[in-house]
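What follows is chain A paired twice: with chain B in the first complex and chain C in the second.
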Partner chain A sequence: MLDLRVLEPCSLQSSLAACADSQVLGTAPPTFKLPAVADLDGFQKAAVQMVKPAKGTTTLAFVFKHGVIVAADSRASMGNYISSQTVKKILEINRYLLGTMAGGAADCQFWQRNLGTRCRLHELANKRRISVAGASKLLANTLYSYRGMGLSMGTMIAGWDESGPGLYYVDSEGGRVEGKRFSVGSGSTYAYGVLDTGFRFDMTVDEAVELARRAIYHATFRDGASGGVASVYYVGPQGFKKMSGDDVGELHYKYYPVPEATVEAEMEDVTTS
Partner chain B sequence: MSMVFAPCLTETTAPTTHAQPAWSPYDNNGGTCVAIAGEDYCVIAADTRMSTGFSILIRNYSKIHQITEKSVLASSGFQADIRALQKNLDARHQIYQHQHNKQMSCPAMAQLLSNTLYYKRFFPYYAFNVLGGLDNEGRGCVYSYDAVGSYERSGYSSQGTGMQLIMPVLDNQLKSASPLVLPLQKSTTPLSEFEAVDLVKDTFASAAERDIYTGDAVEIVIINREGVRRELMDLKRD
Partner chain C sequence: SIMSYNGGVVIAMKGKGCVAIAADRRLGVRGHTVAMDFQKIFEMGPHLYVGLPGLATDTITVAQRLKFRLNMYELRENRRITPKTFASVVANLLYERRFGPYFVEPVIAGIDTKTGEPYICNTDLIGCLNEPDDFVVSGTCVEQAFGMCEALWEPDLEPLDLFETISQALVNAFDRDAMSGWGAVVHVIEKDKVTVRTVKTRMD
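Right after this comes the complex of A and B.
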């Protein structure tokens, strides 16, 4: 279980090249041990049900005139239990690339961090930043090789590269689709309703941020597995910027304020002498 | 190194209903862990009961393990997997110390633990972990994990069989503005170290009332800039 190759003396240049050079550099995919069981699928199903890895979410992203907007809620649920209301579901891969988290939290965190590493290595090897298409392809190819093993990820890779704004949807089935508007997660249908209704390509940045925030709010309102804080990021030519983070409970009263009820004048207490 | 865990079922007849496996590599030894991060301290606590099924195996088993000078790991779940995980982390920390001539910081250990858990993604450690300690600025930090390595830094956390009893009480007392809200607000609790330890004792006493797997005693570890100290408080043994 313990990888002692890190102890190998670095002075042996050839030995470094021979023994898992790519492992040390981080370009080879990590190796995973599998349980020696006849029915792997059954084991995975039972293991997943037992450990209940955190999932449940609403995320969305869309391309508009000035760039890309990415938004998400922040709730993680383990079965019926809300394990966290403060999960970061928009992961900063690098200054120009954002990834979203939907499905298994550990899967998304691990593989998007791995993607960040590989993007950096690409920059070092090619002396230029990786494109959104390239980054999403790296992730999709990795996930394809684990297809059928029970990974659960529905992630969007959004960013700005030399050809302008880019948005791809990548999932754990190995699928990768380019698009202009996506919403992923248990609350995605609710978000689509609001997003599709209010979308105009030539919105201003502030209008786009408000649309995304509203869409996430409505999804958290109706979907039990979504909630917490609605975060909205904007990716433009200068890179990403977090535009807002609002508690959805407070957003509710901001969008639907409770009108003040008229109160009857109360009778003063009469003092008895 | 691979061992056969389940008997190989060769399907000679048409498959009928799914048979219950004769043996499972996992067991749940129960227990609850809690951690609270303060301005310059961190409190990590866990009960000391180890159970299997409806039986109590040990009344004074420590679920808390100090990995580095500044990080302490508390884990509930399957103690054999947890023991293996602790040894794995200790070994990796020793290697780090040899290579870098210093101890690992708590945030670094948090990332290492996440990766260690994820490397067993297809045969998970049945361990629900809470890592507590002091970060590089001396502020308390608490990281909580699911079984396959997803993790998050927060101001407080609880894991284990009594988690659902204790967490609402901690939310009630300690919940502050979410770190995702803009503009950013602090997430460490304003409680003093003494108040935090008191709160932990109260929550465990309550959890022991209603959770069969929590009881016997609660071991509390407090890390602050002076170092590490331990307290032990008895709980109901029923």
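Right after this comes the complex of A and C.
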């Protein structure tokens, strides 16, 4: 067996208590040091409260005839403060798998990157791409093992595998459900309204993209914690493609243009010769 | 938090012989935006305006109660109130409710019609007056608004420049606040006229 420990980042090398083989292969979950504090329970409680953001976001995904559409806004808020309007909430796990971010940004970024690593290892070990069901199960099992420790994630795993389009919702409570249409975040109720009204299974790709864009726009319009840029991705048999990224401030005036105020003509003196 | 339940922000600035007062137009219920045409700035005299950010029900109630006191003053004194005196009326009304306050933090902007002197001030929710020479802010994004005003304001701005300055300060401040925005209204008060403009803003 090749000794691949040289490739590990230093933090993983620190804990060799776990099985040596799985550490070397990278299939064991990352190990995290616990804080050396007198009242660990109290500290954990405070930490959970601090990191607990109210999933201020709008993300949605749906399956239709030609594949899967995934869309999200780009606002990050810390309470009332808008910390960023340019957050990438659709994470590219690999060329045919997308994940969405809702809840703790760091949690989503880290664990979905970790998922990408493990999907790649699955490919190398099994000589075939991992299914969407398998990828979402990997993530769900990882999150379940951290249940109660304060991770906050409400993510959708969307992709295309041998059995066609796949869409799963996975969250930090350990839940995993398969479905054809999901919206996650504080703006999800507004997005559902638009999405459910306009949905037809046999839409064209362009119609589906426009529906998703409109749903995200309407959510950003009504929800205080959503805004920024509405990104829409399409996942088809060839993998994912970013279809559009429109600033919702501009989308508003495109969908609801302000009518030009009619200017009264000024009275002019008519010259008489 | 009660003060951020409905959201909103008001800014007022002094210029050369003029004042400007501006507010956002959102009325929300926590994250949900309910209205985009909610009035937070009220006319209390031909050159005297008060902005009332905070809990929306108190915005409406305090505006109505102030109007009543103002009308009584004008009937008794048979003259228009000066901005400085009006500020004291506001402070008094708020302190009367010291142990069960109105959840508004008013911003007052006006021009003394006799002297032409511009006047701005703001108070906290129990009536402590603050009368600076430059600008006042109040609402859910005060930190952002202070930063913008501090950066953009300079003394002796002409009315049109003051309009530009206060608009940019307000819009860029509430674009960083999830609880304010969805439109802006700006009043520029000069000695002889008042100009009201609505500003085209991001609606997210």
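Just so we're on the same page, the second predicted complex is superposed on the first by the 224 of 273 C-alpha atoms of A that agree within 3 Å, B and C clash if a C-alpha of one lies under 4 Å from a C-alpha of the other, contacts with A are read in each partner's own complex, and residues count from 1 in each chain.
Criterion: a residue touches a chain if its C-beta (ideal position, glycine included) is under 8 Å from a C-beta of that chain, and two chains touch if they have at least 3 such contacts.
Everything numeric in this text was worked out from a predicted model, so none of it was measured.
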Which of chain B and chain C A:Y81 touches, first, second, both or neither: both
Which superposed partner A:V258 touches (first chain B, second chain C, both, neither): second
Which superposed partner A:G56 touches (first chain B, second chain C, both, neither): second
Chain B versus chain C as contact partner of A:S186, first or second or both or neither: second
First (chain B), second (chain C), both or neither touched by A:S172: neither
Touched partner set for A:S131, first chain B, second chain C, both or neither: neither
Contacts of A:D39 with chain B and chain C, given as first, second, both or neither: first
Touched chain A residues, chain B compared with chain C: B
Touched partner set for A:G249, first chain B, second chain C, both or neither: second
Touched partner set for A:G227, first chain B, second chain C, both or neither: second
Overlap of chain C and chain B interfaces on chain A (superposed complexes): 81, 85, 228
Of all residues in chain A, those that touch chain C in their complex: 56, 73, 75, 77, 80-82, 85, 186, 220-228, 248-249, 252-253, 258
Complex contact set, residues of chain A against chain B: 1-2, 6-7, 30, 32-39, 42-44, 47, 50-54, 74, 76, 78, 81, 83-88, 104-110, 149-151, 228-229, 231, 242-247
Contacting residues of chain C [partner chain A, same complex]: 4, 7, 28, 30-33, 140-141, 144, 175-179, 200-204
Chain B - residues contacting chain A, complex: 2-9, 18, 25-26, 84, 88, 91-92, 95, 99, 114-115, 117-124, 126, 144, 146-152, 154, 163-164, 178-182
